[in-house]
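The next block holds one structure in the form of structure tokens; read it before the comments.
Naming follows writing order (A, B, C, D, E and F), and every chain is counted from residue 1.
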Amino acid sequence: MSHTATAPAAVHDLERDLPYYEPVGNECALFEQAYEQRLPLLLKGPTGCGKTRFVSHMAAKLGRPLFTVSCHDDLTAADLTGRYLLQGGETRWVDGPLTRAVREGGICYLDEVVEARKDVTVVLHPLTDDRRMLPLERTGELLEAPKDFMLVVSYNPGYQHILKSLKPSTRQRFVAMSFDFPPPRVECDIVSRESGLSHERCAALVNLAARLRELKGQDLEEGVSTRLLVYCATLINAGMPILEATRATLVEPLSDDLDVQEGLMEAIQATFG
Amino acid sequence: MSHTATAPAAVHDLERDLPYYEPVGNECALFEQAYEQRLPLLLKGPTGCGKTRFVSHMAAKLGRPLFTVSCHDDLTAADLTGRYLLQGGETRWVDGPLTRAVREGGICYLDEVVEARKDVTVVLHPLTDDRRMLPLERTGELLEAPKDFMLVVSYNPGYQHILKSLKPSTRQRFVAMSFDFPPPRVECDIVSRESGLSHERCAALVNLAARLRELKGQDLEEGVSTRLLVYCATLINAGMPILEATRATLVEPLSDDLDVQEGLMEAIQATFG
Amino acid sequence: MSHTATAPAAVHDLERDLPYYEPVGNECALFEQAYEQRLPLLLKGPTGCGKTRFVSHMAAKLGRPLFTVSCHDDLTAADLTGRYLLQGGETRWVDGPLTRAVREGGICYLDEVVEARKDVTVVLHPLTDDRRMLPLERTGELLEAPKDFMLVVSYNPGYQHILKSLKPSTRQRFVAMSFDFPPPRVECDIVSRESGLSHERCAALVNLAARLRELKGQDLEEGVSTRLLVYCATLINAGMPILEATRATLVEPLSDDLDVQEGLMEAIQATFG
Amino acid sequence: MSHTATAPAAVHDLERDLPYYEPVGNECALFEQAYEQRLPLLLKGPTGCGKTRFVSHMAAKLGRPLFTVSCHDDLTAADLTGRYLLQGGETRWVDGPLTRAVREGGICYLDEVVEARKDVTVVLHPLTDDRRMLPLERTGELLEAPKDFMLVVSYNPGYQHILKSLKPSTRQRFVAMSFDFPPPRVECDIVSRESGLSHERCAALVNLAARLRELKGQDLEEGVSTRLLVYCATLINAGMPILEATRATLVEPLSDDLDVQEGLMEAIQATFG
Amino acid sequence: MSHTATAPAAVHDLERDLPYYEPVGNECALFEQAYEQRLPLLLKGPTGCGKTRFVSHMAAKLGRPLFTVSCHDDLTAADLTGRYLLQGGETRWVDGPLTRAVREGGICYLDEVVEARKDVTVVLHPLTDDRRMLPLERTGELLEAPKDFMLVVSYNPGYQHILKSLKPSTRQRFVAMSFDFPPPRVECDIVSRESGLSHERCAALVNLAARLRELKGQDLEEGVSTRLLVYCATLINAGMPILEATRATLVEPLSDDLDVQEGLMEAIQATFG
Amino acid sequence: MSHTATAPAAVHDLERDLPYYEPVGNECALFEQAYEQRLPLLLKGPTGCGKTRFVSHMAAKLGRPLFTVSCHDDLTAADLTGRYLLQGGETRWVDGPLTRAVREGGICYLDEVVEARKDVTVVLHPLTDDRRMLPLERTGELLEAPKDFMLVVSYNPGYQHILKSLKPSTRQRFVAMSFDFPPPRVECDIVSRESGLSHERCAALVNLAARLRELKGQDLEEGVSTRLLVYCATLINAGMPILEATRATLVEPLSDDLDVQEGLMEAIQATFG
């Protein structure tokens, strides 16, 4: 298991300011209230709409270190809490990302939490009721979460998970909010800022994305993400012809079906042709 | 595996009195009788209706330490009884929560016990008949449960468990009782006390919850829990607009379906609009 | 894996006489003959009808130590025979309950043997034919069972086990007998003796149980066990109102279905109302 | 994994002569020819018809030690060949039963071989073609089977194994023969000799068995084994009433179905009533 | 897990120039742009069409070492990142191929990435967004990918993977492109160059391949790969008769069905007969 | 995992000449060409038709040591490449059969390769393209296959493998050929040579086999193998009556179905009766 931790100090050294995030609704206020009231937060929304970026932004704004874990089929509780590792003949306890977040008073973000294995619930439950405790059986410690610890989890309700879903007994422990792709003006700002491509040319890409997203559910499992728009604008800005760039970023990553690809290319040519 | 143990002394230091619990029926008497007669107890009821709080309350009232374990798919007997752990080159036996409860004479609470793996039954059976024994093969010990040890388990009969259920040979070892959400007056007291919001405003939330709970089974897998009402009241008390607070706590955590969410919001607007 | 071993001496110290058991038919004679002729014994019958108690009684009567193992999905041959355990840097062989029974000449009782994993058969087969041997590959020993060793297994034929059953090649190695709930007079004696409640009041409970057991197969997976009757009488004897005691011991442990519970309560109220 | 090895010397010390076996057809000649020509042998037949006894008999007759392994779902190649075991801080190689049979020139008998895991085939294949070799990767040895090594396997074709069967590529490596219950006169001799009950009374039991075996396939998964007849005669010889003895040995071990049991008891009462 | 790493220096020593690759469209430009802009790349296409060769070519052209991993059902994140290995009593951390590519600034190519286990996503996600980080929990390192690190993955969309597919949340992190078999002239150059067979005779083989590829989907799961054409030309060049060489390389490897084989041989005889 | 390695020297010591193999078509030339051109070879054909013998023959003819592995459900890549083994407190790397074949320049033969686990493909792929490399992650070695290394795999296309088949991406890496039972004259030579039975009597057996093989697919999963014919002739040559020998070798090993057995015996009696 791997995770990424970004200390706020380090972030400042590297960036001098907050990770860029353009708010759409009341999401910043709700995040801050949940943080203040020590309530855990659940984010729902499609792939690449900015949930991870939003959490980075809020962690930096609140001045708390962020511990991000991409969950998967084999992720277990020990991956989150830590384990004894054998190193050079000695065993050494190594905190997992959740334990570090509790010890240091940071934000732990479990991305796509429904993918994790079920023993993770035994760790999340005492952290998400009024006990706010993380017991570490193996070290004999019972950690009380400090007031600046916060747990954030996310998942994508657009996937059909027959076997995988959050149990109501877990869901009902979170304040929740839905995310969607940002409105055009905001998305245009984001794409232009990240790629260096002009606002005007980005606006055309964002318009195109809106049309492509309407195909979701019919031919496409997911709509074009903001991330792919940034990729596309980046390649265009580097001099790649528009049709080649859009094919490589807005068509090929979305579908392997030749008919669907053709439909997407027609929509693109109607815009840029 | 992780568990939380709360020594009654520590509870007193922190809280100066019992964890707050508002009784609804004869549940306190039944718990006390089961404790006196050394009978194991099975609690049945929906998510977030107060089972865990009830057990904490009774443990403190009876002056016994409480060992809580949230059960899950991968929980094994060794997670409950203990294991040898390798630390600094030495192996050390570490009691699990059930063993600690037997040794120290406390209450062991296995939450959602049907989720645990089947080898747990081999541990529960000799503890729940007239032997009241916990054998620890690995340490060679045969612990006799003291008179102040009590085993409490719970599960939620509202879930459809095709593959998971308590075998009759295990069920028939327990005195049992059903829980439901508390009656309005009691729930109103609980929500107000926990959130700081006025009784009057909490009463409106409790009324709303009753209406939302009627939707269970049709559109919702579970009704609104008391815990979510406390979250809602907490956010309102912190100044968040009512519609934003109810959406984040009474709508988004319950369903991902847009039609269901809209139905819930209509019920909310009919109340607060 | 855990098991309970009761040395006959210890039993005498604690109880001064045999564990109480009221015979119903020829079960004691059959058990003794099987013991004398060194034939393994299979007990079949519903939950809580007294199989475990019967085996305890016979073990004490024959003056042999008893090793009881509740079988489950994950029970393996090594759980029965023993294993090397690492303790304080040294490995030490620890006999399992079956090996102890063979070495010390005792009775090994495998409760619900169909639940155990299939590698258990490799251990049971040479012990249950004319070889009567227990080979311990790992210690290099080949134990010959002494004449006072006996193997007893049980299972509940009332469960529908599609995937789990005793193979004919294993079944045909045992002398077998069926158990059922004891006849009213005997069950009344048992309940009164265990709970302290008067014979007269126990008789009413036993009558009630007979009526409830008739519902088995229609609404209930299993009938009321004698154990639950003892629980019920115990709570009544401690002063709990009859309807509360019967609900907690004869209704709630048997079913989660509200209609079934209501049917059971009606039968109870017809008796005690 | 466990196995039983009987050195022929030890057998002689204990028994002074061959394990009793009454031949029915050309099975002894075929076994001897397979042994002489170094061909592996496959025995097919129902439970308890005497396959194991036959192999013991032939092993003693040929003066070879016998290594018997009851196969099961979890039996792996290492269970047959051996493994390094950690003992007192040292690792020591311990030959498995197959390896011992190869090294010492004995007969290895794998009972119900279809139950074993598939990696066993990798061990059986080079031993059952013209190579007759057993490679032990872990010790670096390549054992050539001596001329007095023989592999015998068995299974019961009466079971319906959808998922389990011997692959043709394995089956076609064996000389094979079918077993059935012995003819009445022979079975009567066996039962009388083993139980001590008179020939006359055993003849009645053997007649009864023939009638019960006709029910196989309709109501019973398997017919009464010779072993159960021996159990029955043993209990009768020890003074148990006939109906009690037959119920415990010829009815209860064969079926849990009350109607089937009644049918069997009627057949028994028609014989002995 | 195994992987192959080719240091560019070593490649030069062995080959003195780039691995031969004949471009078909804009694939080289797109690869270079993705490398320059630090975007991960996804290659899609049928078996044996030259994806692996293309990546080798581009790695050598860009002067970066290449780390190739053939993914499979049991490939885990640790296989990519590394693990502690016990060697001569000491534990030593050994970097996996992905970690080596990140540390040394090389190209990591995961062939048939959909075959890998799901915990691989936890490693790919932070490497494929703007963080470009590889956290190594076990060594406590957080590696930042240097600008000359590039991740390339591939899969074959022609397989029907019901259970296996790249999740949209992973797919949308890649710039993507489709591969197909090269056009005739290019394929002819490749086959002639690799096999030593004359252009003219290779042209006939390439024509034949085009006809055989039209059968895909009807009778064949996959069309003839360029690799098999090279095999065929190699055997012909070594003197093997054409019909024997084509049967061994273009018929037998593609199908076990006698009718399909006959159809393929007819097409071959129509060409060369 | 086990394998057998036959050094050519040892073979010579034992046999003084090549393992006997009677060629049927161009199989020897194709094998030699594949060896010369360093192409991997795939053999397809029914059980016991001589594939293993053919490979032994060719290995001896080419003077290369042969490493044979019978693949099965649990065979993993490490079984082929090697592993560190703990011996006497020290860990020692032990090459697997594939690694030995690569190091020593021999032929590695994976029999029934479709049975192996999927991680084996990661080892086979770099060995079967132009890289011809075997990376050993755990020892840090990257072995280049010498020119006298050859990989041969086989499987039986007659089995219906729904879940198991060679992926096209693996199949298309091999030159392939089909095997069938040898023509009568050749098979007669083989059987006579191996069993010592006269040509004339063997010819009758071979004729019989042809008739029995026609039943394949209707009543039999596989036809009579040449190996079973050798067994049969061996027993007849040792003096066993023909009908007993054929039943034990050509009937019982092929089917457990009484009707099928009777049909086979009728065909046999028509020939020899």
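Everything below uses one rule, namely that contacts are C-beta pairs under 8 Å (C-beta built on N, C-alpha and C of every residue); 3 or more make two chains touch, one makes a residue touch a chain.
Small disclaimer: the values here were computed from a predicted structure and weren't measured.
Peer 1: What's the fewest number of moves from subunit E to subunit F, given that each move must go to a chain touching the current one?
Peer 2: Shortest path length, in steps: 1.
Peer 1: Taking contact as defined at the start, I'd like the list of chains shared as neighbours by subunit C and subunit E.
Peer 2: Looking at subunit E and subunit C together, no chain touches each of them.
Peer 1: For the homomeric pair subunit D and subunit F, should the interface be classed as same or different, according to whether the shared residue numbers exceed half of all numbers used?
Peer 2: different
Peer 1: In degrees and to the nearest 5, what turn takes the CA positions of subunit A onto those of subunit E?
Peer 2: It works out to 60 degrees.
Peer 1: Would you mind pulling out the distance in Å between where the CA atoms of subunit D average out and where those of subunit E do?
Peer 2: So the centroids are 53 Å from each other.
Peer 1: If you average the CA atoms of subunit A and of subunit B, how many Å lie between those two points?
Peer 2: Inter-chain centre distance comes to 31 Å.
Peer 1: State, to the nearest whole Å, the distance from the C-alpha centre of subunit A to the C-alpha centre of subunit D.
Peer 2: About 61 Å separates the centre of subunit A from that of subunit D.
Peer 1: In subunit D, which residues are in touch with two or more of the other chains?
Peer 2: 89
Peer 1: Can the chain contact pattern be summarised as a line, a ring, a star, a complete graph, or none of these (other)?
Peer 2: ring
Peer 1: What's the ring order, kicking off at subunit D and moving to subunit F?
Peer 2: Traversing the ring with subunit D first and subunit F second gives D, F, E, A, B, C.
Peer 1: Note which residues of subunit B are touching subunit A in the complex, please.
Peer 2: 1-5, 47-48, 52, 68-75, 85-89, 94, 96, 111-112, 115, 156, 159, 194, 221-222, 224-225, 227-228, 231, 234-235, 238, 240, 244, 247-249, 252-254, 256
Peer 1: Where on subunit C is subunit D touching in the complex?
Peer 2: Residue positions touching the partner: 26, 29-30, 33, 36-37, 39, 42, 44, 76-77, 81, 84, 89-91, 117-123, 125-126, 129-131, 133-138, 140, 142, 157, 167-169, 171-178.
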